[in-house]
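In what follows, a single structure is set out as structure tokens and then discussed.
Naming follows writing order (A, B, C and D), and every chain is counted from residue 1.
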Amino acid sequence: MALLGLYNYFVFAVLLMIGLYCVLARTNIVKSLIGLSIFQSAVFLLYISMDKVDGGTAPIIQEGVENQVFANPLPQVLILTAIVVGISTTALALAVAVRIKEAYGTIEEDKIQEMDREP
Amino acid sequence: MIFSEADTIFYALMIPLVGALAIALTGRWPNVRETVTLTTAVALACVVWSLVPTLQAGGRPELHFVEMLPGLKIAFKVEPIGMLFAALASGLWIVNSVYSIGYMRGNNEKNQTRFYVCFAIALFAAVGVAFSANLLTLFIFYEVLTISTYPLVAHKGDEATVKSARVYMGILLGTSIGLFLPAMIWTYSLAGTLDFTPGGILEGKIAEPLVGVLLLMFAFGIGKAALMPIHRWLPAAMVAPTPVSALLHAVAVVKAGVFTITKVFVYIFGIDFLFSQPSHRLIIWIACFTIVVSSFIALRQTNLKRLLAYSTIGQLSYVVLAAAVLKPLSEIGASMHMMAHAFGKITLFFAAGAIYVASKKTEITDMRGIGRRMPWTMAAFSIGALSMIGVPPTGGFISKWYILGGAIQDDNYLALATLIVSTLLNAAYFLPFIFAAFFYEEDVKPARPHGEAPWPMVAALTFTALLTFAFFIFHQPIADLEAQILVK
Amino acid sequence: MTLYDQLPALVVAVLLFTAPIAYMLRLHGFPWAAATAAVVTSFAVACSLAATVIGGETIIYEMGGWPAPYGIVLHIDALSALMAMLITGASSAALIFGYKSLADEVGEETAPAFFAAWLLCTAGLVGMVITGDAFNIFVFMEISSLSTYVLVSAGPDRRALISTYRYIVMGTVGATFYLIGVGFLYMVTGTLNTADLAARVGQVEDIRLVLVAAGFVSVGLAVKAAVFPLHAWMPNAYTFAPNAVTVFIAAASTKVSLYVLMRVDYAIFQNSIANHDIQLTLFLVPLGVLALFVGSLLAIYERNLKTLLAYSSVAQIGYIALGMAMTSVAGLTGAIVHMFNHGLIKGGMFMAVACLALRYRTVNVANLAGAGKAMPWTMAAFVIGGLGLIGVPLTPGFISKWYLVLAALDKGWLGVFLIVVILVSSLLAVIYVWKVIEVAYFREPRANAVPVTQEAPLAMLIPTWIVVLTGVWFAVDSSVPVGLASSAARTLLGVAP
Amino acid sequence: MMTIVFSLFLLTMLVIVAVAILRTDNLFTAVMLSGIFSLIMAANFFVLDAADVALTEAVIGAGISTVLFLGALALTAEHDHSPPVGSWVPLVTSSALGGVIIFATLQAPRLGDPNAIVHKHVAPWYLENTPLLIDVPNVVTAVLASFRGYDTLGEVFVVFTACIGVMSLLGRVRPRGELIEEGEFDKRTDNLRHHLIPRVVGKMLVPFIVLFGLYVQFHGDFGPGGGFQAGALVAAGIILYSLVEGGARGRELVPEWFSGMLVALGAFTYAAVGVACMVMGGRFLDYSVLSHDPVHGQHLGILLIEAGVGMTVAGVMITIFHAFSRRGIR
């Protein structure tokens, strides 16, 4: 039963592994970027699984409701910022991928490496 | 005095710099540029020589500049050995300028402006080294000297000169950053200061085995003193035009190395403290080894300038040996030998240059009978050679006399034996050449029939030859000046 | 609240405030002017901040008026002031210098976006340096990284794109590692303020999480700082970015991550993890030594001048890592002073390279032959920079080498080994600097090479020489950088100033 | 107890989808799966009582990011041709990473454990003081906008940088070859003009999405919502309209220059509010000086910066989408 409480962190670790593996192993640029976004969203899971309190609800204080246990607002604020950072990096990376496709005609890193090595 | 001593030091440093700038600006008009060089040389000599009376009276003029690191200033303080070196360098710069004008015009070398600018900066560095009050200032000017002489060594610019200039730069920069810098910082961390103080700053601050290590780091770190394993840069520097070899590699650059070693022994370690440490014998062995081996190599040399280079390596180690014997007489002998060797070696290099300009010959073997064609040059050459050997009428005899005296005071038989053997070897590689030059028929015809070299060169080398005699006669005031370093 | 108390916020606010303006107003030449004005004002503010903290005090500025652990707080001490000065100074010098070379490389069309990105990059770096909140460092790290990606991708050559892509991937992985580290720290202490973290990390009993957090933060920042094994992105990014951009990022951006690594390791972990300094030494010394040798060797065999200088930067970062690894006041002072000096030296050298590139249209060392005669002033600036890399006196490099060797002296046998490493790598630096000098001064230009007779434009030469001469000035009178660095080192190590 | 069961199920689903993404070669399916991944992640956040984050993750992760990936796919390749057997290095590094984390988190506090340090130190202060100092029901918005307003300022400028980056990379001028004319591109991509049902339903939905976006914008203080979510929702609405009606009509609805200006204006408002606080004597971003009563000042400040954030995020998402969709290839 004790280990169940840590299940979130194990999933966080597994997602990180999958994300990093996808970034490092796959040579296709778009595929790596998807892996990168998985890698980043795993971190969101780490932060948000910290804020859960047993019997707590979303931290919105209604009048009249006394001694209500709330979840911890701080990780949520941090993750709101991190999500938008994630999407910004992905958008920029995709724009670079499009330009690479136009410049090199392919988005496979190993082919690009060969094309650069010739001159 | 017209202006205080501190200002004199400042002017002594500023004159070569301003001269270098003026030379750079007047590059396009050779005659104007030559006059600027000469006036700078003369001005520098006057300013430097004006300090001699205050020194003899026991004064130590000082000039403090900016504080570079906490507790370490760029500061200047003139003391006897520094005075001697600066006077030597600035005095001979005049003669050398006259000579190089003749040489450059005679050989019509290209980019002469760069040559004179770098020369002026090299002299600025030499004066800086001479007058520095602490090891840090000395290290700064030591590096400026290395870097400013690089373009001079690589003057021709063809593949061979660039390769040997690379050797020159590699060894000098390598040893100074690789060994001299850590030794200096180690001394600073031990003694808390780097100022040259009579009696040394390392008294009792360093245990026995480490003294040897620090001593060796200094000895081999100061690459310009050309102790045996670190000597290859000197023959490599012979690719430079002869005026460069004459002044820099006979007087300014090499003397800076030996001068630094003497100052480190006298003012950093302190004569008595170092004498009590057994590891100072290491330096004596290294010096003796260098003297003997370089003389043997010189025997086999056929190229005249390389022969003079190896003879310089030997003579430098004389000074190091004298400094390492750590007896009062040998300390004075060290300074005296610096002067004697300077006059003698500059004459020899001037003669070699004159022979090259006149007959385009560089190898000794095809210089038989050249005495008949160039009597003045060969006469000066013989006087220089005699001074190297140490025959009485020339200055060499005086300095060897002091060094022998020091060695006897310390009854250091190794030093005595080396001095005697090397004197014989010197004679062995100089006299046959002089004899052949005067009394043998000319077997190798020169490119075109030639008489003496252009007159400014002949005038310069006869003047320096006379200087060796003058040193023999008027050596006493210099000896008294140097004796001041012994009194605590 | 006089203007004087508002300075800490102003140094970033000015930059952030002008970025959208520079993007919106698309008049000819306006973006560059707005960017330069903003960066120069920010530099002035940074200098006045440095003046107040040189004595050793620290300025605390509560953002939004909320007290320390609850709101975000700006924490400016000698180290952050020195870094802020370096960043804004390098940025203004690069901008003023880069007017002509940027006009040459960045078209009129993308100028507003480019200069807005430049402002944001400076703001991001300065924001990272002065903030006192761990998560805030991540946010500003993202701002600076994203804008650096934009600046690097603006390079004319198509390889700029692929190097930007690799830079994005490694940069994001590094930033996410840092985020994971901060997450674990938050999980264990419950706070994000660096000062509060430092106080509370000591009382944590399950030490495992703190160790792993330190590991993640250090590795993440090492990637961003291009410390040796994780530096793969840097040489290409420096080479293919526009020249003025390389001047800026070479002088400032990697140093900021080293600054954060230093602050995190010393302020937070030093007194909380048991033998932290031994772990730090074991982590940084091998990396530093490898960085020195591999960096210098790669630089020796490199044909492209900008990549050569990039590999030399990898080596110089190795010096800073060694300085940090010594965990002594002198060692840290040496590391901080070298961060400042290396910024000056590399900034000047890359400016000279930009001048060469403008005239020779190429930065391949082989066809720069004869540059010594064609462009004497530029090559002279490059040579002085090169001497700085070697550590010849009268150049900034000498001062940092002095402190590093002095610090290594009282480290026993490890110290002797470090001294040997430092000095041998300076000799390697002699080789690759002399390789360029020999080509430039002693080799005749090839027949088919484009004949260059014109010196670089004055507008580019003057800033180059200003940077070089400031370097020489700080080499001769090093009281300002060394004063700031030693008081910073003492505050970091908690030794009484 | 129920949360543990729900999160167990959702988390395992998450891992399965991630593995599926990793293994598939067709990039189109990978993008779709990543959309599903984000949706499950949003559901997970909701189970963990993070309503705001769930909404953001759903809109941005599932909505915008999938659209961007599809836009990029249209301009690059369909298939991932990376060699199947990669070297062992990635495997070793990622498993080492995973091992280190699992090793460390064994000591981490259990899920939902009330006396974890995280709930003891800074968080309770926020929960107690928000009603007193800022008097806004949604504590997350209060912390986001005011207590840690400087973070969110940085955040807005990150988004602004992304927009600048995309504009400078995919700016108006395409270096090689001219942009194919508007009409031709739309004809070729056959923008659902002939699919009546999705067009009619889509056009009906757009106004409600935008309305809901505005509701979320202004309701942010009282319930889950705020600038980010609102901006993304409005952008999603506009993007839906462009998908349904074709890029040209979408650009007529929200022209390029307008969305560009929106971005710069939003970022500028945020920074201007901060500077205004300084001018009026407070610290940077200290809203209490904005009006006579500190609490009103906070309300005004939060309202303004949320508007700024909303404008920026909406502008950025629309600009980036247009940049991708307009970059037609021959």
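Everything that follows uses one rule, which is that a contact is a pair of C-beta atoms (placed from the backbone, for glycine too) under 8 Å apart; a residue touches a chain by one contact, two chains touch by 3 or more.
Bear in mind the structure is a predicted one, so any value in this text is a computation, not a measurement.
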If I count C-beta pairs in contact for every pair of chains, which pair wins? A-D
Centre-most chain by CA centroid is C
Among the chains, which is located farthest from chain C on the basis of C-alpha centroids? B
Taking each chain's centre as the mean position of its Cα atoms, how many Å separate chain A from chain D? 12
Per the C-alpha centroid definition, the whole-Å distance linking chain C and chain D comes out as 32
As a quick test, compute the distance in whole Å between the mean CA positions of chain B and chain C. 44
Can you compute the centre-to-centre distance for chain A and chain B, using the mean CA position of each chain? Integer Å is fine. 70
Residues of chain D touching 2+ other chains? 101, 105-106, 108-109, 116, 118-119, 122-123, 126, 148, 151, 154-155, 158, 161-162, 165, 169
At which residue positions does chain A touch at least two other chains? 16, 20, 29, 50, 74-75, 78, 81, 85, 88-89, 92, 96-97, 99
How are the chains arranged in terms of who touches whom: line, ring, star, complete or other? other
What are all the chain pairs that meet the touch criterion? A-C, A-D, B-C, C-D
Residue positions on chain A within touch of chain D in the complex are 2, 4-22, 24-31, 33-35, 37-38, 41, 44-45, 48-54, 56-62, 69-81, 83-85, 87-92, 94-99, 101-102, 106-108, 110
In their complex, what parts of chain C are in touch with chain B? 387, 390-394, 399, 401-402, 405-406, 409-410, 419, 423-424, 426-427, 430-431, 434, 438, 441-442, 475-479, 482
Show which residues of chain C lie in contact with chain D when the two form their complex. 1, 6, 9-10, 13, 16-17, 19-21, 23-24, 61-66, 69-72, 107, 109-110, 113-114, 116-117, 120, 123, 127, 131, 133, 135-136, 139-140, 142-143, 146-147, 149-150, 153-154, 180, 184, 186-192, 200, 206, 208-209, 211-213, 215
Could you please specify the touching residues of chain C with respect to chain A in the complex? 135, 139, 142, 146, 149-150, 153, 158-159, 161-162, 164-165, 168-169, 172-173, 176, 179-180, 183, 186-187, 192
List of chain D residues in touch with chain A within their complex: 3-4, 7-8, 11-12, 14-15, 18-19, 21-22, 27, 30-31, 34, 37-38, 41, 44-45, 48-53, 56-57, 60-61, 64-65, 68-69, 71-73, 75-77, 80-83, 86, 89-91, 93-95, 97-98, 101-102, 105-106, 108-114, 116, 118-119, 122-123, 126-127, 130-131, 137-140, 143-144, 148, 151-152, 154-155, 158-159, 161-162, 165-166, 169-170, 174-176, 222-224, 226, 228, 313, 316, 320, 323-324, 327
